[in-house]
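In the two assemblies presented below, chain A is common to both, partnered first by chain B and then by chain C.
What follows is the complex of A and B.
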């Protein structure tokens, strides 16, 4: 049997979850033995070159680009996993959700302490190349179907390792209390 | 804001921190808001932290730190109000006043606000303006009211119809509210001479004998939970405590209920006598009537009756000539919070705090108001008690069914010919009741208010009793022209989201999530899985601390159980998963803000 193929992506996140993935230390060598990576910031493959078995999504969706990437992942991965707080619930980026997007943009580009007086023409970025902002930050499962959720900010390396190996080997997942408690 | 108002309110209540509610209400009523200054002064004088004062203000619907306008208009947004034409009334208000709901006019004269059911379901749409009730609103009437306000007219003199019947037209009330008593039984009948039990019976009976009589009657609490009243009294009598209290729950907040309002208007002496009997039985010296803010218009009237009652020696010292039996009653106003109808939340509120339910045990009969043994009884229960003492427990238990004895006062509204108050024996079927009130072509009935169940025709042979269909008295009838999910279930769910105290996570967070599911289904993006999610997630509501939390998802859960086809016919077929996410819609706001054309 060929090795399972994994793809990963960071949407509206901080890359912390990917850092945590790398935090499995020398087990990364085992992981390479077990799986093959496709589209992912880890190997810098930009586009899917084949159908994948597992997709790991970090971060929620804050703009149109995030939505496209997420839908692309859903179309190309058999199993999609939200890993980390932002993918599951929106996380820190979702702090803007109670504030209308117009006010957010004005604060960021016109009125904030570091920009006030420096944007004389009062332009809010509007080039067609820039992704369009969504009205709020959406958790991934509000855009596409998500099969599994790995909680944490970030999920611990152990949790990610346990989840991936369980999924690949078809065994029950080992979830000791320590890896999912956060207080 | 005049700080004089603040100081005088504080000294009026002797700087007593347990009277914080009264102090805040007094300031709110006089100044139409509570300023930072007021909060600071109160916290200093009452030796409370600023946060304690602020959290009490923020908890209650009718208290505010922002000015609510010289004339504050609260228009009811309940299902029944909507069914009776609220929308056009609300639009007329907005047009005439010149501001939207939730706002105050720029000159600070008029504030327009929504409010939950104000207990006028048989005469909707209704509004509270500076505490006065306006019923049967129409666009014509709204224009008139706004014109009167602009002319500076006193709210009390704005009525254009006869005053309401019965005591509504009495000197201290002068209200246009209608009683609509359609059927009287032992509780509502007017053949009783107040004071008879105190003067003729109580003098001859030991407290234990009174409790025995109540136990014989087998009466259960009429607020909805149905705890046997005699046992409650006995537990409280036996509990150790220097002081004991009788609290009467007149927080009638369940949408569609208005029976207590009518009892308080027409039979207050019966109620106060019931409180005296309860006080005598458990050994209490103080009674408190917790009156919901929406019924503030009754306060002066009730206080006047209390004064009259004291004059007849039916309250006060050595009541009815019983040496050493001292008992008096005061009225505590609420400030707008449904959850305060839950007895432990009510106690917190009477102590001047946020109305958050307590953990139990200990139960109020052991540790209630000011940590003393306390009985909390519903208005109707306490009135029934007088009639039980008059005619005997045996007589009472001969009414109704074997395990649901006596009568129940029902508040019936919605699609029927004769909405109003009906006192009936327990044991009637739903069909009987529909025939009684002249309702035909009935699609569904909400029994027991939003916290109860939505039932359909296949259940109309069920009986009204504790072992079958229990109700605190609210009956809302819907005919086939009503969209149950969109206009009923969604409204009730919004009500619970608004009224959650926020203490337990499932109540605070799950109710909005379930509402999102319902909205998703209503928007045509629902799939079969969503129904399974609702059922699965709904089970979590049991883990909430109080009755409100337990039942907050009932509008969705009971309608899904009894009207599943209404949900199913809206589902997308053949799809396993659908989020309903719409990218075009989600980017439209930011594209507009940045003046760019959406490009997909």
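What follows is the complex of A and C.
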């Protein structure tokens, strides 16, 4: 039987959840025995080369590129998992959500203390090459169907390991109290 | 001698003094009924509905319903726990609860209930309302993003003349718990500490102090809320 294939991506996140995935320490060697990695920053495969069994998504959707990648993952992964607070609820990037996008951009490019007076023509980035910012940062499950959620900032290595091994082996997941934390 | 009555919670035989509220009666029988807006020693108001139990086929709040003789109470059932979980999820999406950036994370009762009920993601859409942080007072910060309007501070924190330091302002979904500017400026250290203690979330915070307890030593790091109860 071929190994299950895993893909991972970071959208509007800080890569902390991926660091936590690496934090399973020497068990990473077991993981490589158990699974094969496809599109992921871990092996630097940029595009899907085959259909994957499990997709791990870190970070929420703050721009059009995030939405594109997330939809690509949904189309190519049988099971999609939001891992980390940003993917689940927007996290720190979503601090901007209560504030209208226009005000955010004006603060960042026109009025903020470090830019005031240095952007005389009052340009806001608006090139076609730059992904369009969304009106707010969206949790992944508000964009596509997400099958499982692993909370935490970051989710503990133990939680990630328990979830992946349970999915791969088809056994019920071990969820001790201390592994589910939102911080 | 007070009247002692018999009742059951999830089939377990219990006894309590006639007329006390179900939440208290359950506690005396070492049975946990989750609650949030309730605070021991303060008149209950039954507003958060998390302590809802079922008796006679009806949902009622355990903190405001007196226990009666022969009462059969359902508490720890899938139906009731899912209803409680949905209320917690509503509270999470209704405000701005960024746990990773909150000083009270680990000591927060709302978060602890979410852990207890294994909330992995709320079933509702996040609202991300625009709310202010009120930093005008010398001893405390009032972060409206995290306020769940349980009124614990309003009901508990009174000055020496019995005047309330906190009060509701506004109507409907825009209602806020505000700090009286005059009374807030005269708040004693003791009363400020009490206000911070009664707040179940991270909405009332001490000034010039943050992240006082290291991760691993906080209230709900190792044991779920309600672990002190046998049942």
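Note that in this section the second predicted complex is superposed on the first by the 180 of 183 C-alpha atoms of A that agree within 3 Å, B and C clash if a C-alpha of one lies under 4 Å from a C-alpha of the other, contacts with A are read in each partner's own complex, and residues count from 1 in each chain.
Criterion: a contact is a pair of C-beta atoms (placed from the backbone, for glycine too) under 8 Å apart; a residue touches a chain by one contact, two chains touch by 3 or more.
Computed from a predicted structure; not experimentally measured.
In the model built by aligning both structures on chain A, chain B clashes with chain C.
Touch criterion met: A:175 reaches chain C, while chain B stays clear of it. When the two complexes are overlaid on their common chain A, residue A:153 makes contact with chain C while staying clear of chain B. When the shared chain is aligned, no partner comes close enough to touch A:118: not chain B, not chain C. Greater residue coverage of chain A by touch, when chain B is weighed against chain C, goes to C. In the superposed model, A:90 makes contact with chain C only, not with chain B.
Looking at the shared chain after the overlay, A:139 reaches chain C, while chain B stays out of its contact range.
Contacts of A:46 after superposition: neither chain B nor chain C is touched. When the two complexes are superposed via chain A, 168-176 is the only one of 6-14, 24-32, 114-122 or 168-176 in chain C with C-alpha atoms clashing against chain B.
Counting contacts by the rule stated earlier, residues 136, 141-142 of chain A appear in both its interface with chain B and its interface with chain C.
Those residues of chain C lying in contact with chain A across their complex are 92, 96, 98-102, 105-106, 111, 114-115, 118, 120-122, 125-126, 128-131, 215, 221-224.
Listing the residues of chain A that touch chain B in their complex gives 64, 67, 100-102, 105-106, 124-126, 128, 132-136, 138, 141-145.
Listed in rising order, the residues of chain B touching chain A in the complex are 576-577, 579, 581, 583, 585-596, 598-600. For chain A in complex with chain C, the touching residues are 82, 85, 88-92, 94-95, 97-99, 136, 139, 141-142, 146, 148-151, 153, 175, 177-178, 180-183.
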